[in-house]
């Protein structure tokens, strides 16, 4: 991940390539993770259907929620890294004021997403 | 739901019937809810696949987590109601000491399940 | 705790005594726990005042929140145990229908409190 | 807040001044917020002491936890904004590779803090 972030900072075009490459690697991980969660949700349906003991169903719900949160945290980390990199490039090429406003907007948007995750 | 809880208290066999009937009605609701969540998880996979903007994916994750928590809360409510009814019958037929221990064990188990939900 | 719950079921007056005794023991624990959390909140004020590094402040916030949740869970466990005991006595002395309605109301109230804890 | 972020980007010394000014304004808000939470915790002690109904205590716990989370989110927003600004300055003055590594470390640290908040 460090390489991706560093590559994105490079002023040359190769930075974009590195980002895309890193992104695709993550994409497969994300999809694998989400398919596992989908399997857990189908497992929950089976448990309800077979009248499994409530407490055991609740344990499986906790596991699925934990899976979703890990996915959200990884996505958020990538977003912060990427948003940081892009906003930093903007601010150094477009001047401090415009770059600063861009960063502020991105940070506010990310904070609101974190707030939504916390409140669920 | 009140009828189910009250029915479960009846010492006659009809109490079991009332519980089963109420349970089946809930079961359909549970399965419908879980199928909706499964659809949301598949939606997340599509979003990742189509490179949807991170923040929008995080919003969908929050919605899915909220759905799972609502399902857990409904299940927990039914469990508390049912566990209360059963433990109450135990305590009135088997005497206070054994009934009390039964209730204690059930309450501890439920509290641990709530703790797991809180920590995710 | 088992003794308290069992004691509360006893139809004689000694049940009330046992409950009160158990309650007082818990009360001291609760107050001690809350004073520790109060100390943590004052610690947070000192950290902000001394310009402590943000991430270290956030770690302390997590510790305080965890403390509050443990307190809430212990309180909830006692409440479920007590509400179960009282509602069970009601249902055995006042008949199934009224006792069932009483249990339903208590369980709904408790579930709503758990929902509020989950959403924060 | 936008001014603070933008000010921090300025390569001249005035950026530091603007940051400090903005920080002090926030500091008072933080301390006021924390004193309010401290009052809520003392209120909880009074409630326990006066044998207030469990469910009402739990409602107050939810309010205090919500207060702590709002404080954490505001702190996090400032941190992301500040860390972004500082890491951006580093990366533009020290070169992409070192700046990228600096950003990566900061983002990872922030994500771990968010994970701790989510798990409580």
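Order as written gives the chain letters A, B, C and D; numbering starts at 1 within each chain.
We adopt the following convention: a contact is a pair of C-beta atoms (placed from the backbone, for glycine too) under 8 Å apart; a residue touches a chain by one contact, two chains touch by 3 or more.
Given the structure is predicted, the values throughout are model-derived calculations rather than measurements.
**Student:** Let me spell it out: compute each chain's centre from its C-alpha atoms, then which one is farthest from subunit A's centre?
**Tutor:** Using the mean of the C-alpha atoms as each chain's centre, the farthest one from subunit A is C.
**Student:** For the pairs A-C and A-B, output the one whose chains share more C-beta pairs in contact.
**Tutor:** Of A-C and A-B, it is A-B that has more C-beta pairs in contact.
**Student:** Provide the C-alpha centroid distance between subunit A and subunit D, rounded to the nearest whole angstrom.
**Tutor:** Computed value for the inter-centroid distance: 21 Å.
**Student:** Indicate the whole-number Å distance between the mean C-alpha point of subunit A and the mean C-alpha point of subunit B.
**Tutor:** Computed from C-alpha means, the inter-chain centre distance equals 29 Å.
**Student:** Averaging only over C-alpha atoms, locate the centres of subunit A and subunit C and give their separation in whole Å.
**Tutor:** 35
**Student:** Touching at least two other chains at once: which residues of subunit B meet that condition?
**Tutor:** 69, 76, 110, 117, 119-120
**Student:** Which positions of subunit C touch subunit A when the two form their complex?
**Tutor:** Where subunit C meets subunit A, its residues are 119-120.
**Student:** Once bound in the complex, which stretches of subunit A touch subunit B?
**Tutor:** 23, 27, 30-31, 34-35, 37-38, 41-42, 44-45, 48-49, 51, 54-55, 57-59, 61-62, 64-66, 68-69, 71-72, 75-76, 78-79, 82, 109-110, 113, 116-117, 119-120
**Student:** Across the complex, what residues on subunit B touch subunit C?
**Tutor:** Touching subunit C from subunit B are residues 1-2, 5-10, 69, 73, 76-77, 80-81, 84-85, 87-88, 91-92, 96-97, 99-101, 103-104, 106-108, 110-111, 114-115, 117-118.
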